[in-house]
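Here chain A shows up in two complexes: once beside chain B, once beside chain C.
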Partner chain A sequence: MLEAINLSKSYAGHQALTDLNLSVASGEVYCLLGANGAGKTTTINLFMGFIAPTAGKVLVNDLDVNAEPQATKKHLAYIPENLKLYPNLTGLENLDFFCGLAAKKYSKQELEELLEQSGLQPEFIHSRVGTYSKGMRQKVGIALARAREAKVLLLDEPTSGLDPQASNEFSELLHSLRGKGVATLMATHDLFRAKDTGTHIGIMNEGKLKHSLAADSISLSELEDLYLETMRMDKTQLA
Partner chain B sequence: MKQSKPKSHLSRYELVSLIRQRWIQFLTFSLFLLVLFAVINGRQKVDQRISAIQSAQQAVSEKDSLGVILLDSIEAGFSVDVPRWYMPNQPHVVGYNYLRIAAMPPDELAIIATGQSDIYSHYVQPKLYGESFELNYTELSNPVQLMFGSFDLSFVLIYLLPLIVIAFSYNIMSEEREQGILQVIASHPISVYRWLLEKSLTRYFLLTIILSILLLGIMGIAGVPLFTNFGKTLTFILLSLGYVLFWFILACLVNLRGQSSANNAVWLIAFWIFLVLLVPSSVNQMANSLYPVPSRARLINELRVVNAIAEEKADELLESFLRDHPELAGFEGGSTGWKEYFATQDLIKREIQPVLNEYEGKLDKQQEWVSRLRFASPALLLQNAFNELSGTSTKHYEDYRTQVNEFSLVWRNFFLPKIFRGESFTKAMMAELPEFKYQPIASYTLSRSNTLVLFGYCLTLVLVGMFWSRQSHARLLTN
Partner chain C sequence: MIRKIALKEFKENLREGRFRVSLVIVVSLLLMATWLSLNYFNSVQQQHAEAKANARNIWVSQDEKNPHSAAHYGTYAFKPKYPLSLVDPGVDKYSGISIFLEAHKRNESQYMAAADQTGLARFGDLTPDFILLFIIPLLIILMGYNAFTRENEQGTLQLLKGQGISSWKLAMGKWGGIFIPVFIITAALFLVAGVLLTSLSDFGELSYDALLLMFLVYLCYYTVFINLSLLVSGLMKKSGISLVSLLVIWILVCLALPKASSNLADTIYPYPSRQAFASEVEKDKKAGLDGHNPWSQAAKDFERETLEKYGVDSLHHLPFNFDGYRMQKGEEHEAQVYFKHYEHLKETHNQQTKVYQASALLSPFLPTRFLSMALARTDYGTHWDFADAAENYRLKLQESLNMNFAENSSYGDWAYKADKSLWTEMPDFSYTPPKLGAVVERNSSNFALLFLWLVVSFGGLRTVTRRI
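== the complex of A and B ==
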């Protein structure tokens, strides 16, 4: 479903991503771990087609993202770290608006159900998004991902800043989507969430994928050690 | 769940979102106040102009009635208690005192632009003798300087409307980018440029509706005959909407640069200063520098010198004048003094003509320069067109002056034979006095061509935007 082949990206002399190879199949959740500037967001942006690669290829459902940007986006849903919506529209209106952009048309009742199923309290469905907390906006994002019925989900630190309950609800969503065969690529700092929801885990540093392993092949403490060791090793090399 | 076209909801929600924002309500109210004030201001000026012409005509009617009564008494052999120099049975008295009004009534759309109407007379009363008519009539201040002066509709539309359009659109794309919404939009199967186009069109459509309703509504309430010449009204509306479109497209182009909203606002204000203030004032200054107008003092001095010489040579001039006008020669009697006077007037007119020609030639050149350089800025295009549509352009006043000059000659030629033949003026002749009828310029081709040029500018900007959009995709989404 998702595939990066020898993918590299540089900005004005700075190598943001080097020779990345990874694939995420249907029903898999691939969690990218790494510090700030490790290349996680660049990877997501390349899959989204927001930026063009310096070298290599990005495939979504076997379609080249750069050659067929609109066609690949039909299969994609995207939730950024801090989902922003139109503050003057209600949650329901925002959902309807973005569904419209994806050529999806739902009745008002269906939209309300989607929002409720995503954890948004019914009394806020018709309130303007300007009054929403970050967690409530993320829930609209989840509803949108569900409404899109996308085969691929790209998440850029989606649980950052969420309270534990909201994060937990988010994990449940990922489990349910995984069951529906959705391929998910998630950039995160949260080792626990990666271990809990991921089928595969990648550790990135300085634009390179240092480790890629199955989530069930490693315990949480081993993952933490491996992560810290990777970060430390690179610092030592730099020194 | 149904499938629908991606764009179906965009315009509706853009409108809903816009209408719920306070700043748009404030801008609409501001625009309403500006248009209202400009229309009231324009209406007052037009009413004053109409009122002045009507008062003058009323005074002429009253004087005519009195003249008829006096002539009736004189012809019936009664003695009248009127000084000799007011006796209407003398042609030169009628030619000097019982004048006609040569008026230029305001055009139906005169409230749009004050144009040259602040500096030119709207009615004159050509006299048989006295101060040179051309001097009275010729405006000696520079009309180019007064091109952009009054708080009228053209001022609101040319100067202030772009600022409102800028406030409407400076962040048309950057707002979403700064808020992070643009990335969410771009994650959907819709082109960012198509989204921007639809969003811009929706905003443009909303502003168009607001502006059209305000303009037509307030002008209609103010009693402007919008449908008398609907082509003119339509051209006025098209020019206004074309100008709004120009600034909208410019705002979209600036947004495509992918910079912050504040940066966009600064760039757009810089464009406004350049196109609306700097270019027109530069064109004006260049016109002044290239074609400086001679001073009024010089004109008056030359007139005095010529006058003095002419009076000294009055007898000699009369002979020369009668040689030039044999139809007036061979009559005995009449007032010899008047004959000499008209002979000297001819000389004065001939002598002063080169100075007047030089002055008017310079003014013509200035106007020609401004007209030629109107393509340098959409503001100049609009001002030019609005003056034409309002009937307040220099061309209109020059045409009026030509018509008045012709009438002045007709007026003089009506009386001269009577003076030279020593005839009395009779009551029956009152009805034969020449009347002035202003023939307005009906065409407004300049406005129509300016409208086309303005839309041509818009098309050019669109093409630039299409070319530019190919290069700016990444910059927009990741900055």
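== the complex of A and C ==
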């Protein structure tokens, strides 16, 4: 479903991503771990087609993202780290609008249910998004991802700003989507969440994928050690 | 998808206090302007009707007198108010409302409304065309300046693009979001104008075709402004810079360029001064036959030619009064002189118009301004048309009077008096403004320029949206 082939990206001389090879199949959840600036968001942006690669290819459902940007987006749902919505519209109106753009038709009641199932309190559904917290906006984003019924989910720090209960509900959502054959690529700092929801885990640093392993092949404490070791190793190399 | 975006944009705008306040101001100004114009035109129309009736009454109430004396006594030709002047009064205020028709002389129109106003008139009048031409484009700028910059600034652009929407569809949706309220406001104004004009009594014949065409012209003008607003918003990174850029464009397009092109046209193709014009006319008149001067060389030559033509040796033996005949021939010579000099003025006007049209390549305001006035029959073209119609009427009136004198009296019989019934037999002046087809044909270049602006602005928008 998702495939990066020798993917590289540089910005004005700075190498943000180097020679990334990655694939996420149907029903897999691939969690990208790494510190800030490791290249996680750049990877997501390349899969979304927001930026063009310097070298390599990005494929979504065997379609080249840069050659067929509109067609690939039909298969994608995306939740950024800090989801921005239209502040003068209500949560329901925002969801209705974005669903409409994705050619998904829902009744008002269905949209309300989607928002409630995504953890948004019913009393806020008809409030303007300008009054929402970051976590509440993320919940609208989750509702949108569910409504899109996409085959591929790209998530950039999706639980950032969510309360623990909402984060757990989100993990449950990912589990259920996995069962429906959705391929998910999630960038996160949260090792626990990665181990809990991921089928595969990648550790990135300085634009390179240092480790890629099956989630069930490693315990949480081993993952933590590997992560810290990868970070330390690179810092040592840098020194 | 485009409809969805357009409705979202419209809804968002409606929920913004800044837009609501602007909308209330624009609608209030439009209502006030329409009400003021209606009152003004009712009053002017009544005055015109009274003045016209009085002038006719004075003409037909003349006692028995020599027809040429009646020709000198003169009468007036009144320019009728065209119904659409309620929307666009054009140059009516400066071009005068009536022309005094008398023997031997083609007079300028007089009684300009501007002459009756104080220095405060310099601030201009609140008329519907002012709102349509200047204020609604400002409203468009207010709605469109942040169409794309806002998406960038509030971070919604990525989510939008993430839904697989093309930039062009996004732009068209935003275009629709601005066009909907502009269409509603403009349509409401023209609807109100149509209803008001239909309900007015004695307000001339209203052409709904012209009203509809004027509405379409303004919609094209607003479309250009919507395109420009979206184009600039797509080019700029910050909303503030986009707003300032668009306001600069508005100032240049609506204020600076029209004034600059007016000065330029007048500098390149100046009109002669009133004194120089009168002096040239007088010189040419003196070079030909003067009906009142039987001793001039031209009069002597004409006398000899007439005697030869009729095969008689004395003016007394002619089958008509030679004095009346000479008056008519003198009138015809003077008419030719006036025709020549007025044609020169028209040629200068046409040259100036070409300068305006060249400037219109930089300003969509200019073709819209000219089309609006032309469709309202309040432009200079219509004024020239009226002046020519009045001159033709004057010449026919003079011919009738002179020939009555020539055919009903004998040479030297200056005591001849025509019956009072002659004044009534002369039909009153009646003027019909050019038909819509003629107006459209005369302004085809302005239509072409506005269309060019539409095409270029859509092309520019398309190019810019590819980068979004």
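FYI, the second predicted complex is superposed on the first by the 239 of 239 C-alpha atoms of A that agree within 3 Å, B and C clash if a C-alpha of one lies under 4 Å from a C-alpha of the other, contacts with A are read in each partner's own complex, and residues count from 1 in each chain.
By our rule, contacts are C-beta pairs under 8 Å (C-beta built on N, C-alpha and C of every residue); 3 or more make two chains touch, one makes a residue touch a chain.
Source: prediction; values computed, not measured.
**Q** Using the touch definition from the top, say if A:His126 reaches chain B (first), chain C (second), both or neither.
**A** neither
**Q** Counting only touches as set out at the top, which of chain B and chain C does A:His175 meet: first, second, both, neither?
**A** The answer is neither, since A:His175 touches no partner chain.
**Q** So, does A:Ile51 touch the first partner chain B, the second partner chain C, both, or neither?
**A** So A:Ile51 only meets chain B here.
**Q** Tell me the contact category for A:Arg232 with respect to chain B and chain C: first, second, both or neither.
**A** Neither: A:Arg232 stays clear of chain B and chain C.
**Q** Touching A:Lys108, do we find chain B (first), chain C (second), both, or neither?
**A** Touch status of A:Lys108: no partner.
**Q** Mind sorting out which residues of chain A both chain B and chain C touch, each in its own complex?
**A** Shared contact residues on chain A (touching chain B in one complex, chain C in the other): 48, 50, 70-71, 73-74, 76-78, 80, 82-86, 88-89, 93, 97-98, 100-103, 128.
**Q** Taking the complex as given, what residues does chain A use to touch chain C?
**A** Chain A reaches chain C through residues 48-50, 69-74, 76-78, 80, 82-89, 93, 97-98, 100-103, 128, 141.
**Q** For chain C, which residues are in contact with chain A within the complex?
**A** Checking each residue of chain C against chain A gives 1, 4-5, 8, 11-12, 15-16, 154-156, 158-166.
**Q** Under the touch definition given earlier, write down the residues of chain A that touch chain B in their complex.
**A** Chain A reaches chain B through residues 45, 48, 50-52, 70-71, 73-74, 76-78, 80, 82-86, 88-89, 93, 96-106, 110, 128, 154.
**Q** Which positions of chain B touch chain A when the two form their complex?
**A** 1-10, 13, 16-17, 20-21, 179-181, 183-191, 195, 474, 477-478
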